[in-house]
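Some notes on the structure that comes next.
Letters are used for the chains, namely A, B and C, taken in the order the chains are written, and counting of residues starts over at 1 for each.
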Amino acid sequence: MPGRALPTAPAADAVPASCSAAVGRRTTAPVGTLRLVAAVAGKDLKVELRSREILYTMALFAAVIVVVFSFSFVKDQKALVAAVPGVAWAAVVFAGTIGLGRAFEREREGDTMRALLLSPAPRLAIFAGKTVAIALLVVAVEAVVLPLCLLFFNVDLGAAVLDLVLVLVLGAIGFAIVGTVFAAMLLRIQSRDVLLPVVLYPILVPMIMSGTKATAAILAANDADAWFWIKFLAAYDCVFTIVALWTFEALVIE
Amino acid sequence: MRRILIPLLAACAAAGLAGTLYLVFYVTKLEQNLFFNQKIFYWHVPNWFMLFSMVFLCGGASIGYLVKRDPKWDDVAHAAGELAVLFGAIGLVTGSIWGKAAWGHWWIWELRLTTSLILWLTMLGYALVRRFAGPGSEPLCAGLAIFGMVNVPLVYFAVKLADKLGQASAHPKAKVVAQLDASMKGTFWLSVLTFAAVCALLFLVRIDAIRDARRLRAVRERGLDAGILEP
Amino acid sequence: MLSSIVVEKVSKRYGDHRALAAVELTLTAGSVCALLGPNGAGKSTLLGILSTLVRATAGTVGYLEGDRRRKLDDRLRADIGLLAHSSLCYGELTAVENLEFFATLYGVADGAARARTLLDEVGLDGRARDRAVRTYSRGMVQRLALARALLARPSLLLLDEPFTGLDRGGALALGARLGQAKADGAIVVCVTHDLEAIAGVTDHVAILVGGKLACDERDPAGYSYAALRERYHTHAG
């Protein structure tokens, strides 16, 4: 009868050794958390680079915002430099939110979030990896926004550009930390697309404030103020990293 | 206990509201700078006190919920969060009216106003999540409340330090409270007590409703789980 | 290495919908349990609870190693392999990249070699391995998903409709593979509608109807296709 016979254990020489390895023998070893974070972040970036879907969407969206909003500040065929901080940071935050939502949405589509949660990797490592990946995506968007702003607003900063880069990177980190925590918390919630900006933006306010103030100070060549705001932004990043680490463990331990 | 407390609070609140209205319009003197406009201060300021106390109650209860995992803490946070939105809204509206009358602007980007607005927006987000997120959203709300609470000093200092232009704060509130005339002080603190009574009253009523709804859900769920109830 | 799993009065409710009601079941090492039932009976839900991803609303699941109850932590998940409806793999990456990534997550030593061996074993064509998974046919995705489930040599193997998309040869090979896992001492739970494919390796039949366990039978000699069909019709109509 078809399918009646119970398959006998395969003869040792008929099957490659590693396939018939006894279940009990574990070759697994505890993997360092940092290595896991790097693996998750690397995977996210590799996936993104293959399709570049999120990257292009974010970059184009940011570019459009910069163009449209800078145009609204044009007078005598020149754009008001005072508008640069607001325009730049608005573009970064809005594009960043889209990227954040899309990144988690993609995991949901392929059900790969389940695969990640099923693995023995600590939840914290998974989300830290995602945070790193999102921070890098936001930095990539900023790499588009910054030159466009400098171009459209006719700004020549010289060496001060590096300070501006520092501000943008710190902002990207802050955005990624707070954004990933909230996106992770919203994973199992309905209406998550609408709720993400609603809950995220008020918490981002100090970051946006200090970012714009720092940008304005750099443009005005006001070094003292600029460094003050850069330190404030760094403090913001530290404070919310600590809060995120503490609440994350509590939120995850159901 | 509740049976006595709620009507008692309601009576106090009603008496307080009537009393303060009478005192404000008939007894207290006119403030020297702002004259009649200033009178709204007796209702405006206590609302901010209530907003901040509700925000910290919500944040504290959220921490308690994450640590203890007892739904009672979540009930407290829920009620406090909703009341924060209510009192914040009243505070913003009364403040706006006062601002228009006193300074000619409906809004000004001043330290306390900005901080309060951001805080209110955070609590509004909290209320929206409570309303729309569905079951299992308690940890999310707790996280949001904690982040919001931590955010308060950050926003406060960001705005304060940004405002180094040193324009004389168009917000004389702090000085005024200390320098109040005896009769004004009395009315002011009576007003604070009144709004505290209103807040406590609404809190108790709301938390009872939340608790009852949760208990009903829990009983229904136990029945479904045991196979006794059919969905 | 798990010796048995005890499902103790487990219920699961999604809002008003009751998926499982007070299910009691014991699974032992070195056996293949066929979890059968009509659609919507709660089979996938039970599998989800066994995988630790889904939280039961009542009752507990005990993962026993001898007499010792294991804690539900990260290390327990290393011993569980799941093959679900979806591939649980990244469409943009190749088969090899997917397996190497999960090998890192599961702490599998020498992930690259293990990935290659498993892909040979499940019969995934050599050229296809370096193409993005989203270009694969359903059958190829199934094979990759199986490789992924087997990656860390799990002592609990959960399969949700693994025979869909497989041709006759593939189904036979999968059946043989499950038999091999059983011989290695694993606990295998297989949700399926394909009674013919699962017969021959099954020694434990559990039938869920409307969230309740209608049948829980064991026979070390195994169940034939006819026997399974008869049990199914008796309890699930």
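We adopt the following convention: a contact is a pair of C-beta atoms (placed from the backbone, for glycine too) under 8 Å apart; a residue touches a chain by one contact, two chains touch by 3 or more.
A quick note: this is a predicted structure, and the numbers were derived from the prediction, not measured.
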{"item": "Chain contact graph, described as a line, ring, star, complete graph or other shape", "value": "complete"}
{"item": "Most distant chain from chain C by Cα centroid", "value": "B"}
{"item": "Most central chain, Cα average position", "value": "A"}
{"item": "Centre distance in Å when chain A and chain C are each reduced to the mean of their C-alpha atoms", "value": "34"}
{"item": "Interchain centroid distance [CA atoms averaged], chain B/chain C, Å", "value": "52"}
{"item": "Sites on chain C at which at least two other chains make contact", "value": "none"}
{"item": "Per-residue overlap in chain A, given as positions that touch at least 2 other chains", "value": "254"}
{"item": "Chain B contact footprint on chain C (complex, rising order)", "value": "11, 13, 15-18, 21-22, 57-58, 212"}
{"item": "Complex interface listing, chain A residues touching chain C", "value": "1-10, 16, 18-31, 35-36, 39-40, 43, 46-47, 50-51, 110-112, 114-122, 254"}
{"item": "Parts of chain A lying in touch with chain B, wherever the complex brings them together", "value": "178, 181-182, 185-186, 188-191, 194-195, 198-199, 201-203, 205-206, 209-210, 213, 228, 232, 236, 239-240, 243, 247, 250-251, 254"}
{"item": "Residues of chain B defined as touching chain C within the complex", "value": "135, 221-222, 224-227, 230-231"}
{"item": "Chain A contact footprint on chain B (complex, rising order)", "value": "66-67, 118-119, 121-122, 125-126, 128-129, 132-134, 136-137, 139-140, 142-144, 146-148, 150-151, 154-155, 157-159, 161-162"}
